[in-house]
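I've put the structures underneath this note.
Two complexes, one shared chain (chain A), two partners (chain B, chain C).
This part shows the complex of A and B:
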């Protein structure tokens, strides 16, 4: 089996297997395990894992100040520097914060994305030319995916709170503004699944992307599409007892777990996939979320000529000194009229030159 | 040397990846694609480990018997010293945004030149030996065993990366291939794998003072010769002082500027400018190299070469340092130099332009000023009498050098100078996706501007040349300007191949052309002895016709 098939099938089978595990487990009356034990474990792994990883990163120093500069530097005061320059090549901390905020909230770098294509150009001697154009689809897909996810997470807080804070119910109303179906359709869920399918689709259809994609790239996508799909199914098709679900959720947060009877198996499948996502997070590429905050090319201020950056492990190195150079070439340097630290003792060696 | 294919042959790039997975494909060292192995002599000069005679196409690279331990220990050590490496290894999602940003991928179509996959060549070893999930799941999470073919792959693809950071610009997490390439090359060096072109330059620079291995007296000869050229062309004598204690400014520039055309014309421009200002400056025969090939092979070697600049400034008791036009030199000066030194050099003063009184606040710790910053300030204050008509034969486009673009951000200074030394309507920008922070590399930087890998160089430089061809056809551009000595060494070869109608020039060369001295002789040619348009004899000649 080729690399692509092996990797995508492994991921697909893993997710289908997880669904089966949860389904069979619940049919076998393991509600306590899937409704209480695993969620607690997953949360523990999630938080512990991320903290562990962030500490591990933080333990390595940042020896050099290496921001990727993407705008005009701060130099002569009269030189034009736009707001974009200040944000893309920040020379003070507030602008570095701004750069990070844009990066985290608006995916600034991805917004810059271009596409390059080699096209035929018979009028050119080489017969071809490269063209580059702005390409925002990946940015759009990624933004839609992440913001949909965020809205969904916040929306779900209504299960964990009593009474439900106003902003959460408000968010739910906004999210459900398209009222063409009963119950109200949440746009976020649909967007998440569609954006997930787009991200998956481009991985499969773009030959180069397919070439680099690993099972560990497909797995979280299948997982999240699975979570979204089970969520949608549960809400619109295989309805589950919302009151019972909320009872279970509140039990988890108040540390008085209960397993109410009568929640459909699909809920446990949904919950289990979420747990797997949480537990998988700290061991996977999903670490890009905390990692971005610590990425030295983005979170450092570009002021290295103005403010000293200290490398904690800086050590003296062996270098060739001026005196070593002069000692070797003293006579010749003297003859060439170069100033010297030590004048040649005699000029007898003159004849040796060349 | 391998025969170089024609541009039409080279421009037939296929971007379809092979059917086999990338882990199964072993590197194929075709002549024209790789740089030769370093001569052991150079390694001995700089105390590099495992010097031996070997050659890249050899089956057996004669690695030390414990090479695997060395690599893995070296990786662990670097993970502990560089947060960047840990994070870049951990957080890549393989979104592919970087893929078609790399000039080497665009030029070769080789999927391992997609930065994401080039990084994966290293990351796969990290995953296998430093993460539990990698040990458990192997290639499903991109982990693989370290064997000799992996090392060969590193050698191949880490030398088809020019540390230009274009990928890091587009990466949503700022993952920087340049950082991984540098650290990867350090690991290769730790088992005695170096490329000759880079290491010869490093050893020469370490031992004598410049990449070209000029002795102090030869260095002086070369620059004195260019000063004489100035006098011949302009009638202005531009005497140079060397190693002069107590000068106000130490001037440091890459050896490319005094070694070969067209860099030498830029140096002539520096000398004219300094003469015009009566600047109290000196060259050094010890800190005779602004460039730093050391940084292309390791952080430590970069420091070993760079230290000479501050050391010499201290010895000569200058007040501050002025740096010439160079790309990677300025990335090093901007992002590494003071950190290597460990403190702001106390023996220097905050740079102040003796002509305009401008304090270079942005360099108050570093105490080194870029020639473009210095010149732009002079022009702004009206200190230079310039005649742009002397550049009327030039239609220019400007190539932002990768390192000054994405490791510094010096975009407006050179453009300001250009607009003041060229007649109006003679400056044309290349397409916006190929300049400024999105600029394309010359394809030969980071120590790979050798002859034996010419095919790869021409492929890597294709995106740059392609944009030059665009402005050449559209606007009749005949010169490509840049503020980088490596560019001046590599772009002429590149353009000769792809766009032979376009020459390469430094920006200070244009300043030198345009500078009007009180007591100069009548100028009929530029610094390259080419006739000026609308001056002297040529006008007469036209009338006769």
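This part shows the complex of A and C:
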């Protein structure tokens, strides 16, 4: 088996193993462990890990602005700047906020994604030509994936709040507007799994991508697809007692944990995979979420040509005058035949010896 | 001030970059916002104890039943988890196959009807069905077309 298949398999086996662990554990009556202890531990790791990371990032000095952007920077007054330039290369705080918002909410830089491919071109002597083209499918897959995830997480808050705030029920109604099947099919759940499968398929089928994909790229995808699949199975096929689930969930957030009897094993599998995701988050590529907010190329105004930035960490440098240098290297300079301000005294003694 | 020697033998003060948290305030605000948003479920429930809903079973129709027969169309566990699936199975059976009677796992026969079977025993929709549904925030849209017992009575009286 080649290296690339091994990466895929390792991640897949890890997720299947986690599912088996939860299933066996619950069959062995470890509901308290999987329903209360592990969720609390996962939450602690999640929050502590993220705060630790963010503080670690905040300790790196970023003295200068990094305008690696596609727009004209603010410069001389007669250089025209369109709205796009101002958003891509903002020179004021509101536009920086706009750039950040576009990045976070619309994945603007991913939207610019291009693809380079060798395509057959018989009329050319090489028989092929390299084309670069704008490739929006990745953007579409990614944005569908992320928004579906967000909607699902917000909808899940109905298990964690009592009374359920109105906007959560409203979101549930909007999400279930197809009114197809009972229990009503939520579009976001289906979109999450389909988009996840697309993102996975992209890595597996494209040789260039497979070459740069590691187990740590496949693992989160398998994990989230696993969470979505167990959720969908739980909702539409192997029903569990949702009222008991809500009791458990409310027990967790009111800090009076209870483990109601009679919740099916599939719920604990679902919950365990979510806990693994939470605990894995601060150690993985998933940190791109908080990382985006800490990106100097996104969160700093690019006003390099407008404002003088002095490195506040410049340390005092001892300057050396020319005479100090000459004093120091006079002999060597003389031997190399360089012109000198003061001839070395040794000359005279050498002359005398001759 | 100790002199610092680099590879050229020139001296400068050794660069001292403090290990501090840059943009401390902004980062702190960011972390607080993150924490508050992600733990909102905890804040909203702080110190609350939420009792599970108690769907009221004591309707006249159910109390009338002899003690031993006071069961649902299937056992309670099954009803709690799958009553919505059961209702849909009933609907398909009635509408697609024209078969109006349904036999449960114990071999008892029931008329497969939402209004005329379920709501005949569970006449108290607001104290029964709605209790649970409000708790888990589901709004079954059946009642736009199907009548509850209360509505049936009101309609009959109006005639």
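Methods note: the second predicted complex is superposed on the first by the 296 of 354 C-alpha atoms of A that agree within 3 Å, B and C clash if a C-alpha of one lies under 4 Å from a C-alpha of the other, contacts with A are read in each partner's own complex, and residues count from 1 in each chain.
Convention: a contact is a pair of C-beta atoms (placed from the backbone, for glycine too) under 8 Å apart; a residue touches a chain by one contact, two chains touch by 3 or more.
Only a predicted model underlies this, so the values are computations on that prediction, with no experimental measurement involved.
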- Task: Pick one for A:160: touches chain B only (first), chain C only (second), both, or neither.
- Result: second
- Query: Which touches a greater number of chain A residues, chain B or chain C?
  - Reply: B
- Would you check which partner chain A:320 touches, where first means chain B only, second means chain C only, and both and neither mean what they say? both
- Counting only touches as set out at the top, which of chain B and chain C does A:61 meet: first, second, both, neither? both
- Check the residue A:172 against both partner chains and state whether it touches chain B (first), chain C (second), both, or neither. second
- Message: Just checking: does A:306 make contact with chain B only, chain C only, both, or neither of them? Give me first, second, both or neither.
- Response: first
- Message: Looking at A:215, would you say it contacts chain B, chain C, both, or neither? Reply first, second, both or neither.
- Response: first
- Message: Shared contact residues on chain A, chain B side and chain C side combined as an intersection?
- Response: 58-62, 313, 317-318, 320
- Item | List of chain C residues in touch with chain A within their complex | 3, 10-24, 27, 30-31, 34-35, 38-42, 44-50, 52-53, 77, 80-82, 84-85, 87-88, 132, 134-139, 141
- Which of the residues in chain A come into contact with chain C in the complex? 47, 50-51, 54-55, 58-62, 157-164, 168-169, 172-173, 179, 181-183, 239-244, 246-247, 250, 253-256, 260, 262, 264, 290, 293, 313, 315-318, 320
- Note on the structure: The chain A residues in contact with chain B across the complex are 2-4, 6-7, 10-11, 53, 56-66, 68-81, 85, 88-89, 91, 103, 107, 109-110, 112-116, 118, 124-130, 132-134, 138, 142, 206-217, 283-285, 287-288, 291-292, 294-298, 302-311, 313-314, 317-322, 325, 329, 332-333, 335-339
